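Working notes, structure below.
When the chains are written out, they are named A, B, C and D in that same order, and each has its own residue count from 1.
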Amino acid sequence: MADDLELRFERTVQAEARIEPRDWMPDGYRKTLIRQIAQHAHSEIIGMQPEGNWISRAPSLRRKAILLAKVQDEAGHGLYLYSATETLGADREDLTTKLIEGRQKYSSIFNYPTLTFADVGVIGWLVDGAAICNQVPLCRTSYGPYARAMIRICKEESFHQRQGYELLMTMMRGTQQQRDMVQDSVNRWWWPALMMFGPPDSESTNTEQSMAWRIKRDTNDELRQKFVNMSVPQAEALGVTFPDPELKWNEERGQYDFGSPDWDEFWQVVKGGGVCNEQRIAHRRKAHEDGAWVREAAAAHAQKQAVVKEGAA
Amino acid sequence: KDALAAYCLMLGDDALIFSQRLAEWCSRAPELEEDIALANIALDLLGQARMLLTRAGEVLGKSEDELAYLRDEREFRNVHLAEIDCGPGPGGDFGTTIARLLVFSSWRLALFSRLRGSADPVLAAIAEKGLKELAYHRDHAAQWTVRLGDGTDESHRRVQAGLERVWPFVDELFATHAVETRLPGVAVDPASVKSEVDGVLDAVLSAAGLTRPADTRAARVAGMAGRDGVHTEAMGYLLAEMQHLHRSLPGAVW
Amino acid sequence: MADDLELRFERTVQAEARIEPRDWMPDGYRKTLIRQIAQHAHSEIIGMQPEGNWISRAPSLRRKAILLAKVQDEAGHGLYLYSATETLGADREDLTTKLIEGRQKYSSIFNYPTLTFADVGVIGWLVDGAAICNQVPLCRTSYGPYARAMIRICKEESFHQRQGYELLMTMMRGTQQQRDMVQDSVNRWWWPALMMFGPPDSESTNTEQSMAWRIKRDTNDELRQKFVNMSVPQAEALGVTFPDPELKWNEERGQYDFGSPDWDEFWQVVKGGGVCNEQRIAHRRKAHEDGAWVREAAAAHAQKQAVVKEGAA
Amino acid sequence: KDALAAYCLMLGDDALIFSQRLAEWCSRAPELEEDIALANIALDLLGQARMLLTRAGEVLGKSEDELAYLRDEREFRNVHLAEIDCGPGPGGDFGTTIARLLVFSSWRLALFSRLRGSADPVLAAIAEKGLKELAYHRDHAAQWTVRLGDGTDESHRRVQAGLERVWPFVDELFATHAVETRLPGVAVDPASVKSEVDGVLDAVLSAAGLTRPADTRAARVAGMAGRDGVHTEAMGYLLAEMQHLHRSLPGAVW
């Protein structure tokens, strides 16, 4: 019987069809998915902070509106993704606890500080750009609710990426001070963006099983290369350079060669030692704790309403 | 003409400054759904502010950004209710935020519903567009007021404290200003919506089991308040944060 | 015996000599003094807030230093004055409690908000100016510690007043925007400054006994007139006007005639209904409560040290 | 010459920004005596900042106010320890403030005591003058550290927590910067005072019965920190408040 189910599951995945919540799935698949989707959800939620940092100070009303809408979209993405985990039997409160206790990760990129308004543009261009590279393949991932959430998210993130790039274009057409701000921001974000694809394939764990399950569809290094190939001409159009002396077109490979990120820094940030790790988690914890009485009140009210309705029925 | 610009600034600054306050909740709300809702409301108000400042700017020969970023505190014409700290800062909490939102949106909805008939076609159109938004804001605040009033002892206490905190600033909302008097048929006299708003508030508070605070009236400085550009001490800090970057890069393009 | 003491007290006061802490004094005298000195101390402490509001935003480093030093002086004045009440048997903690529970007053002027940096100058010029008019006679008041505190305070306040006036002079020589700021500030503070001398003599209580005891030496209206006479030429030198259409030189009286402040507003603010009453008290309460653990720690440490010393002795 | 200006900005910005933080306590200290003491320390540091910015300005052709008010965040060269919120804001309390003051003043005192021998006579004179001030600051912090460490369980817990909060920012204080390397005989290499400062801190912590936190090292952004103009997210808000008025009135005279 179990073998039968497993076989059907394997066939569905091989056939590039979708596994749905009601379908049988192996425990490992379920656990891996919950962890991956939760981390993705956490990343959206924590990712609200570095950009949210500039909403109150946005230098034009139009940019303020764009930025606020973008950060709001991230909250929305978090919501879809937590919902996707709920279809797998996870509990949002439990996942939030894991996040604020440091037991589940989020994308390390958000542990870098946003220091100027140019960072808002560069996050849109490079960070969202890298995220899209990571996520587009997930639109064809084997788990239905996750794949559908990713389709929607990717669409919105492409929009955000264009907005970020457009902000930078505008700034590059502005004053010299603005152009310097953009270049400075690119210098600070380029390497962390490359790290978003995870450690080199040679050091990456989990990849093999996830590829077989079609939860992951490309290796870290493949995606990183793709991102570099895509970004270099965009940088040229913008008029900025990347802080990598090894970056150059390789005629033979038909791709760009590029240097290696500082993997020591990568692991340090992953392990909690980045510039903003503590700050980001403390911010989330405070919001969660300060809001406890509100969630309790809403639950108590709903409970009372349910009793009233029951009495009336 | 000057009166029209001043009137647009009054309504526009209310929206701009309150939007700035609401956006402070971004990434700090009690739950994700509410983070989205408050950002939505802040965005609606920011949109209203932009249209109103643009309209004022047409008369004054200035852009919305010049008006938002290069005016000094004494030139802002928003009511005090929009600018005070009702949380997430130390001046309040979610209960206080909801209390302010309930009062503000009930009042603005009533104003905008009459403003649809303004002799100024631009104002009328802005009001028409804003009406649906404000109805949503008011409903959202009313639902939370009931939830908090009815929920737990603590939530009841907190939202009641929030009402007490914002109530002294209610009086200013209905005080007719000289600018409004000078624009018959164009501006709405806020005194004319008082009983309507009172009725709405009483209904919500009663459904929530909350007590309407006594009608106290925040003091003025030589008779002046927000509409005259006389603000609370909280306003300067809000503007410093809002305007600093824009002012730091004169001539920049955004 | 009691009569004897009372007689000696009366003679000392009549002779314009000083009553010292060790001397006998009537209960009413002691109570009146404690109340008056405490209110004065509270005024210094609450008075730190409206000006302190601009320290972080002072527009030049020189003005920042001057302002910070001035607000620090006010804390110092509060300290002398609380010490003077202690010579009368009062307790600082008890007086602070009375302040934050609203059972003792402070000068109502500090319930007006400071809205621009010009307010820092105008407070120096007009508010400190009015305070000095009120306080100079108190340098000859009958209670020794109070009189000596007032001598020191008046000296420092004259210095503050000159600094305030100098700031305004500088601003008036600046841009038109700065001149407008000064005039606007004068418009807002003129009437509240006149109210600092208290209600008209016809409505003032306590004055008679306090005059007999040499705790007070001039009536409210006398001091107010003196202040107006002094301020008008200063305003002319500055290039600002006072917002009083009735203000004009009266050749016959050899004094300025002037209008009547809004006494309804005065009583409203005294009774707690000013713009900043709640804010000022809440600020003080929070500082006091937040600091409780620090004061307890200091007391506990001192206690332990005393025990150690005793053991050693 | 540029290196000298940069070095003066480093030392000057440390004092300016820390002074700005300390002045936030004004009217908020646990007792009146402490309000006066913290204001005093803030004033001393502000004085040092003014002399150092003036010296930098002589080289750069700018006034102290141009340097304080018209530089952008990326141009400030202070260490992170000076800028983080250690109270009275939500980022700390009096215990954290004392912990920072202890570390900062012990470090700066050691630096200034060597700086007296600087080949730059102006720097040497500034150091000479600042020495007595900094000795007072350090003593004041040390006394409070002992009082709080020894006082009550709560005060012990809080000042220990304060130490934990500031400790990650200690590493930066002793990291030699390229600017210092380029000024032999003029600048003091902060690495050279580390053991002296460690000794002082150990003595105070031991007298207070407190535990020296583990030496962690706050992360950098591409190897850059405060001395390179890369700051924490708290810095922008501090500067917005500090600079807004000055930037709002270009051409004004103060």
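Just so it is clear, a contact is a pair of C-beta atoms (placed from the backbone, for glycine too) under 8 Å apart; a residue touches a chain by one contact, two chains touch by 3 or more.
This structure is a prediction, so every number in the text was calculated from the model and none was measured.
J.: Would you mind naming the chains that touch subunit A and likewise touch subunit D?
T.: Chains that touch both subunit A and subunit D, as defined above, are B.
J.: More C-beta pairs touching across which pair, B-C or C-D?
T.: Top pair by contacting C-beta pairs is C-D.
J.: What whole-number Å value describes the gap between the mean CA coordinates of subunit C and subunit D?
T.: 35
J.: What is the distance, in whole Å, between the centres of subunit A and subunit C, each centre taken as the mean of its C-alpha atoms?
T.: One centre to the other, that is 58 Å.
J.: Between subunit B and subunit D, what's the gap in Å when you average each chain's C-alpha atoms?
T.: Here subunit B and subunit D have centroids separated by 41 Å.
J.: Quick check: what residues of subunit D touch more than one other chain, meaning two or more?
T.: 72, 240-241, 244-245
J.: Which residues does subunit C have that touch at least 2 chains other than itself?
T.: Touching at least two other chains: 57, 177.
J.: Between which chains is there touch?
T.: Inter-chain contacts occur between A-B, A-D, B-C, B-D, C-D.
J.: Once bound in the complex, which stretches of subunit B touch subunit D?
T.: 72, 90, 237, 239-241, 243-245, 247-248, 250
J.: Applying the document's contact rule, which stretches of subunit A touch subunit B when the two form their complex?
T.: Result: residues 45, 48-49, 52, 55-65, 68-69, 71-72, 75-76, 78-79, 82, 117, 167, 170-171, 173-175, 177-178, 283, 286-287, 290-301, 304 of subunit A touch subunit B.
J.: Subunit C touches which residues of subunit B in the complex?
T.: 72-74, 216, 218-222, 230-233, 236, 240
J.: In the complex formed with subunit A, which residues of subunit B make contact?
T.: Within the complex, subunit B contacts subunit A at residues 16, 20, 23-24, 26-36, 39-40, 42-43, 46-47, 49-50, 53, 64-65, 68-69, 88, 93-94, 146-148, 150-152, 154-155, 158, 241-242, 244-246, 249, 251-254.
J.: Taking the touch rule as given, give the residues of subunit A at its contact with subunit D in the complex, in rising order.
T.: Subunit A residues touching subunit D: 53, 57, 111-116, 177, 184, 187-188, 191, 243, 265, 268-269, 273-276, 279.
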